[in-house]
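Structures given as structure tokens follow.
One chain, chain A, appears in both complexes that follow, with chain B as partner in the first and chain C in the second.
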Partner chain A sequence: MTVRVRFFARFRELLGTDISVTVQDGTHLLSLVKGIAEKNREGYDAIFDAKGAFREFVIVMQNGKRIDTADAGSAPVADGDEIAVFPPVAGG
Partner chain B sequence: MIAIQTGDVDIGALINGAKKKGTGAIVVFDGIVRDDDIREMELEAYEEVAVPELEKIAAEAAATHNLLSVDIVHRIGRLAIGENILVIVVSAGHRREAYEGSRFIIEAIKAGVPIWKKELSRDGDRWVPGEHPHGSGKKR
Partner chain C sequence: MLSSRERERYKRQLMLFGDEGQERLKKAHIFIAGAGGLGSPVAIYLAVAGVGTLTVVDKDVVDQSNLNRQILHYDRDIGRKKVASAEEKLQAYNPDITVRVIDTTIDESNAASLVGHADGIVDAMDNYPTRYLLNEVAHAKKIPLFHGAIRGFYGQVTTILPGKTACLRCIFPCAPPQEVFPVVGATPGIIGTIQATEVIKYLLGTGDLLANRLLIWDGMAMHAEELRVEQNPACPFCGAGCGSKKTQESDTKRAQKRKTK
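== the complex of A and B ==
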């Protein structure tokens, strides 16, 4: 199945954006994002801590809805999903 | 009008449009690129999520503060010092509702709408840190 991953702001600069990836059924959010982030050490370190968990400030959305990053390890992705990963917002 | 756009905002037109029947007060919030020793500011948004969130904030503000109209226009792209970043125009029957509704909207935008700002200066570029840093909804 195919999933679209979008990074924003600093994460976009480090990892790119609008990435289409083919993943196996049963893939979870955490492993999906890790697999992409591992291609750039600085990008990986910006998003994940030393234990491989999402850093506390990182925001993850699945199809426009926030996913608690503490649950990302058990949140499955589905074909056609759009996953967004970004740092704290700073609009206004 | 709820929009994210690169172009500038016609604030006068928004004010005229906000004068609905029963209007006694209009409050305009205009967020500006401040001269903090920067050259320019660059803004980006996750538009597919940001626009619906702005619409939701506008609807909640209107219902909670009895607003007669709400306009929110947030700009993206490169902006020079002194340019408009965000314009919020609200109208209400009385000043209290208009002021409180406008304040509610700007604080809600800062808290959760996926928009980011980068300051471009001679000494390098810097992403502006958000005021609400936690990505996890659960306390860890």
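== the complex of A and C ==
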């Protein structure tokens, strides 16, 4: 099945955006995003912590619906899904 | 009633919303938290639009390194209190409005009283702890919070309407790490100007607000994206039955959930 992953802002700079990936049935959100991010060390470190979990401020949306990143390890992806990964900013 | 001087000053926007709209702006009071990168364009555009009363709060002193983005402050203001500099510029832009400035740090003990009877809060802060505090005050007073934040060429902006939209904690349950952030002045210029547009629309009761919509600005790709957001039933602040005990429970639950993963 094919899933579309979109990175935003700094994540986009490091990893590109609008990435179409073919994954096996039963793939979960966490492993999907990790698989892509692993291609760029800096990009990976920006999104994941040392234990390999999503950094807690990272926003992940599946088809426009917010996913609690603590659940991403058990959230399955389906064919045609659109996943958005976004880093909030803090400056003013 | 608008004076003939005001009628002339606002001529080009009276074409948009008439005397009635202008009177609404004139009667309004907006609280601007921060006189920095975002606070500067927000305050300037609200002042020239004729928002009757602006309260600007900031504790800092103008530093040379602020000047690439904080357009309320000039080179000659270095070392001066930001609120003094802001007051002078805003009154010079528009002597027909009232500018109140407060030289203090917004904290838990003073936030609600600083905001007072303002009709809305503009989040022009540079840190999430204070933003969460403003979120709480906005909800307690049932007034909108116009959120904006920036980094580098990127920004985000949304309008929070207590009880109607996601709150700041629903959207950002965890704060990104605090840092000395890189920034080019045009970015807060864009985001602050969007915040000011939202304030004006809200006060006029017109247009479509960024309600439950998080606008994401990418100046590098020159692309704006909109993420739909919604109230989070598990929100540590506004989730069902909202209250401090609940907040603590949710925080604990979330922490436990993470530990078990």
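Note that the second predicted complex is superposed on the first by the 88 of 92 C-alpha atoms of A that agree within 3 Å, B and C clash if a C-alpha of one lies under 4 Å from a C-alpha of the other, contacts with A are read in each partner's own complex, and residues count from 1 in each chain.
Just so it is clear, contacts are C-beta pairs under 8 Å (C-beta built on N, C-alpha and C of every residue); 3 or more make two chains touch, one makes a residue touch a chain.
The structure displayed is predicted, hence computed values, not measured ones.
In the three-chain model built by superposing on chain A, chain B clashes with chain C. When both complexes are overlaid on chain A, the residue A:P87 reaches chain B and chain C alike.
After overlaying the two complexes on the shared chain, residue contacts for A:V60 are found with chain B alone; chain C is out of touch. Contacts of A:G73 after superposition on the shared chain: chain C is touched, whereas chain B is not.
When the shared chain is aligned, no partner comes close enough to touch A:R4: not chain B, not chain C. Look at A:H28: by the touch rule set out above, it reaches neither chain B nor chain C. Working note: chain C versus chain B after chain A overlay, options 78-86, 96-104, 132-140 or 186-194, clashing stretch identified as 186-194.
Where the contact sets of chain A with chain B and with chain C meet, they give residues 8-10, 12, 56-57, 59, 61, 64, 66, 68, 70, 84, 86-92.
Those residues of chain A that touch chain C in the shared complex are 8-10, 12-13, 17, 53, 56-57, 59, 61, 64, 66, 68, 70, 73, 84, 86-92. Those residues of chain A whose C-beta lies close enough to touch chain B in the complex are 6, 8-10, 12, 54-61, 64, 66, 68-70, 84, 86-92. Residues of chain C that touch chain A in their complex: 34, 36-39, 123-128, 148-152, 154-156, 171-179, 181, 183, 188, 216, 218, 220-221, 225, 227-230, 232, 234, 254, 257-258, 261. Note for the complex: chain B touches chain A at residues 31, 43-46, 48-50, 52, 74, 85-86, 106, 109-118, 127-138, 140.
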